[in-house]
Amino acid sequence: MALDKNGIARRIAQELREGWYVNLGIGIPTLVANFVPEGFAIEFQSENGILGMGPFPIEGEEDADLINAGKQTITSLPGASFFDSATSFGMIRARKVQLTVLGAMEVSDRGDIANWKIPGKMVKGMGGAMDLVASADNIIVAMQHSNREGESKLLSACTLPLTGVGCVKKVVTDLAVLEIDPQRGFILLERAPGVSVDEIIAKTAGRLIVEGDVPEMVL
Amino acid sequence: MALDKNGIARRIAQELREGWYVNLGIGIPTLVANFVPEGFAIEFQSENGILGMGPFPIEGEEDADLINAGKQTITSLPGASFFDSATSFGMIRARKVQLTVLGAMEVSDRGDIANWKIPGKMVKGMGGAMDLVASADNIIVAMQHSNREGESKLLSACTLPLTGVGCVKKVVTDLAVLEIDPQRGFILLERAPGVSVDEIIAKTAGRLIVEGDVPEMVL
Amino acid sequence: MIRKVVANADLALDGLTDGMTLMVGGFGLCGIPENLIAALKLRGSRNLTCIANNAGVDGFGLGLLLESRQIRKMISSYVGENDEFERQMLSGELEVELIPQGTLAERCRAAGAGIPAFFTPAGVGTEVAEGKEVRLFQGKPYLMEYAFEADFALVKAWKGDEAGNLIFKGTARNFNPMMAMAGRITVAEVEELVPAGMLDPNAIHVPGIFVHRIFQGAHYEKRIEQRTVRPKNTPL
Amino acid sequence: MIRKVVANADLALDGLTDGMTLMVGGFGLCGIPENLIAALKLRGSRNLTCIANNAGVDGFGLGLLLESRQIRKMISSYVGENDEFERQMLSGELEVELIPQGTLAERCRAAGAGIPAFFTPAGVGTEVAEGKEVRLFQGKPYLMEYAFEADFALVKAWKGDEAGNLIFKGTARNFNPMMAMAGRITVAEVEELVPAGMLDPNAIHVPGIFVHRIFQGAHYEKRIEQRTVRPKNTPL
């Protein structure tokens, strides 16, 4: 059965390593924080200027001066720090953030990502996404395998304007976990529980490498 | 009579305007602070990271963590701020400091300055001088008119390695106040009390413009 | 003490004229100069270019100046959540330049640091790179980006003193410090204005040298765009 | 909480080997990492390149490492006040690269901000410009300068917490923050190390993400280079 959003987030949480600073994008990526084991040594960065971001505040304790990059009210944990936007993107560009998790409209089998603009539609802007994808050593995309029209979002080349080139390392969708080898394409690492390799093949438009038995995710 | 160091500093203090941020170099320039009228609205910046620098501390109250760019113990005034060296030179390059007063070994009649290096001698380094002279809108040089060998320090072209090009606006020496017009040369504005125009002409190697009666400084 | 305190937002905008380029601090509605935006609306200055990360929402923040058609051009990284903005942009009344958020921040920072241009990896291989110089450093491509120039910077701080020193709170800091440093004339509104000497000189975020005018703002609304909470008694 | 606390200066230098490039914080003897310099002397690492504004004095600061011939090259803005330095430089044992202080600061800042290169007016028309790209912006010439790279950054702060956050005091801040941000491995010694949560998150000068190892230093000497005072009862 295909994963729901929380399932995708839960699977991505398995990618976290202790000692990492992590930036979570808007949407499914934000949910990843909910699946971090208690006491796990990790810190969340939000590019509007906080390290040590905590959970949403308890009702009545919201602080308008304390939000994340999705403009949601948040809290800060002991050891947190606040800083300006130049410092924030400085640490991003200087590769101090070990993992960035982003949503996407399209990902190519060479690691290109498109997630900010659909020609003919109102463009809201790239926000910090271009800085993040241009700088992160490790980028995981969290998204549905297909769009609402049922078309694959895993392509041989993005059709939409790019956010970044050759930067995505891994994609976790409702159907699969895939690694990107820019030379070879999407390498199928895991299937969602009950999802067949054939379905993933059918729904992946880009080059897909299936090697040996592909295990089911363990969630 | 030629001015002593305090006389030069006192004359330069007359150039200060209320509302200015001022950076004083090592040596004679440091003395300028002693001649600021009480309550005069001015703030001193030291490029090692302080705005609102105050006088030397009272004996016994020195703080090793509070020094100026000359590494002298200082104090801070109400409204002071501390900042890092990048921010400090940021405000200098961004021309937020209205006046820089520097010592010099040589000044040319086009406004070039040499004050950091004598070939064949131990070179100590330029410190912040190159940043200051490259950025300041208003640079006054405080120096003796002649060097220890009796040679003029006001030249048609500097013989020593340059610190900056075409940047000095005014020179105050023990003998005179001179403005620099890069096209015309040193323009004699004032004489030290009792010093003759002839003496200044004799001791100035660069192009010197003497127009009309040259008044004595009023100290 | 160099005199910087002005009586109110209107006086703080003295000299701001039609066609000028302004930087306006804030991220979303967090840390925006509410009083200055209100004063600017009353002032009625037109054909403004605004450098601001976002464009406010309908009826608040820079949305107020969009309603009154005072903004000719926005330079931002993200402009969602604003119907009037969308209408003006699609109709061509409003010019919009979208740039990466980190580039926006660094172009402000460069202006306040006297750095005319710098290189950044953001946007390489995308539309953002069009017409820009690309250069390799250690084999990796970067774009050359320029410092912004702004006639006025309008910023909001938590605390300020009469010497112009500013301290921000939480993520309301965001773009405010760099913009404060970048403005040809920088105006700061603060929630609490104190005499010089009341703020810890170690804790200053923006040294007073960058701030030309300062006043204590009033009636802060501090609207929240996305109120997200967890129920009481939820464990961390 | 990401674990950063180490027991002492020696452990903090784990992995520092001969031939590495180090940044060392401080301006003169103000804000220098006394414990780390002492540990580095004991460690005996050689052929080091040191990026530091100054080179200490005879018998203190980086002067200690000059005495033991551990430094091959200094990259500094000012190196007076040190006889041993002068001797080694004149004899050719020590390589010295002198660069403008603001350029030194900005090259550190660029490294910590992921900016590979930038333009500055400092040094145009002087020896410093030799071999460098000169470029005009609005008719004015600037030099292109590159970000530094450093294997280790050794910095000293006033207070720090277990999350690696740093706060500096007075002008002991100087180069420490940018160097802390620039090091591939950044080691911070602090006068007072407190548990996470004890420092005001608004007052942090260097966010913990930049600091890899932290410890509380001991026996700070804090020598004063130029003790200048005025007599008691002198009015301000």
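Which chain is which? They are A, B, C and D, in the order written, and residues in each are numbered from 1.
Just so it is clear, contacts are C-beta pairs under 8 Å (C-beta built on N, C-alpha and C of every residue); 3 or more make two chains touch, one makes a residue touch a chain.
No experiment lies behind these values; they were computed from the predicted model shown.
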item	value
Which of B-D and B-C has more C-beta pairs touching across its chains	B-D
Centroid comparison with chain C (C-alpha atoms), farthest chain	B
Centre-of-Cα separation between chain C and chain A, whole angstrom	28
Geometric centre distance via CA averages, chain D-chain C, whole Å	32
Inter-chain centre distance, chain B versus chain C - centres from mean C-alpha coordinates, in Å	36
Shared-contact residues (touching 2 or more other chains) in chain A	76, 82-83, 86, 89-90, 92-93, 135
Multi-chain contact residues (two or more partners), chain D	106, 113-115, 120-121, 168-170, 173, 201-202
Chain contact topology (line, ring, star, complete or other)	other
Touching chain combinations (by label order)	A-C, A-D, B-C, B-D, C-D
For the chain D and chain A complex, residues of the former touching the latter	1-3, 111-115, 161-163, 165, 181-182, 195-197, 201-202, 204, 207-210
Residues of chain D that touch chain C when the two form their complex	106, 110, 113-121, 135, 137-138, 140, 142, 146, 167-170, 173, 200-203
Complex interface listing, chain D residues touching chain B	27-31, 53, 76-80, 86, 89-90, 98-106, 108-109, 120-128, 158, 168-178, 205, 222-234, 236
Chain D contact footprint on chain A (complex, rising order)	18-21, 41-43, 45, 51-52, 76, 78-83, 86-87, 89-97, 135
Touch list for chain B against partner chain D, complex	46-50, 54-74, 76-77, 82-86, 88-90, 92-93, 112, 117, 122-131, 134-135, 161-166
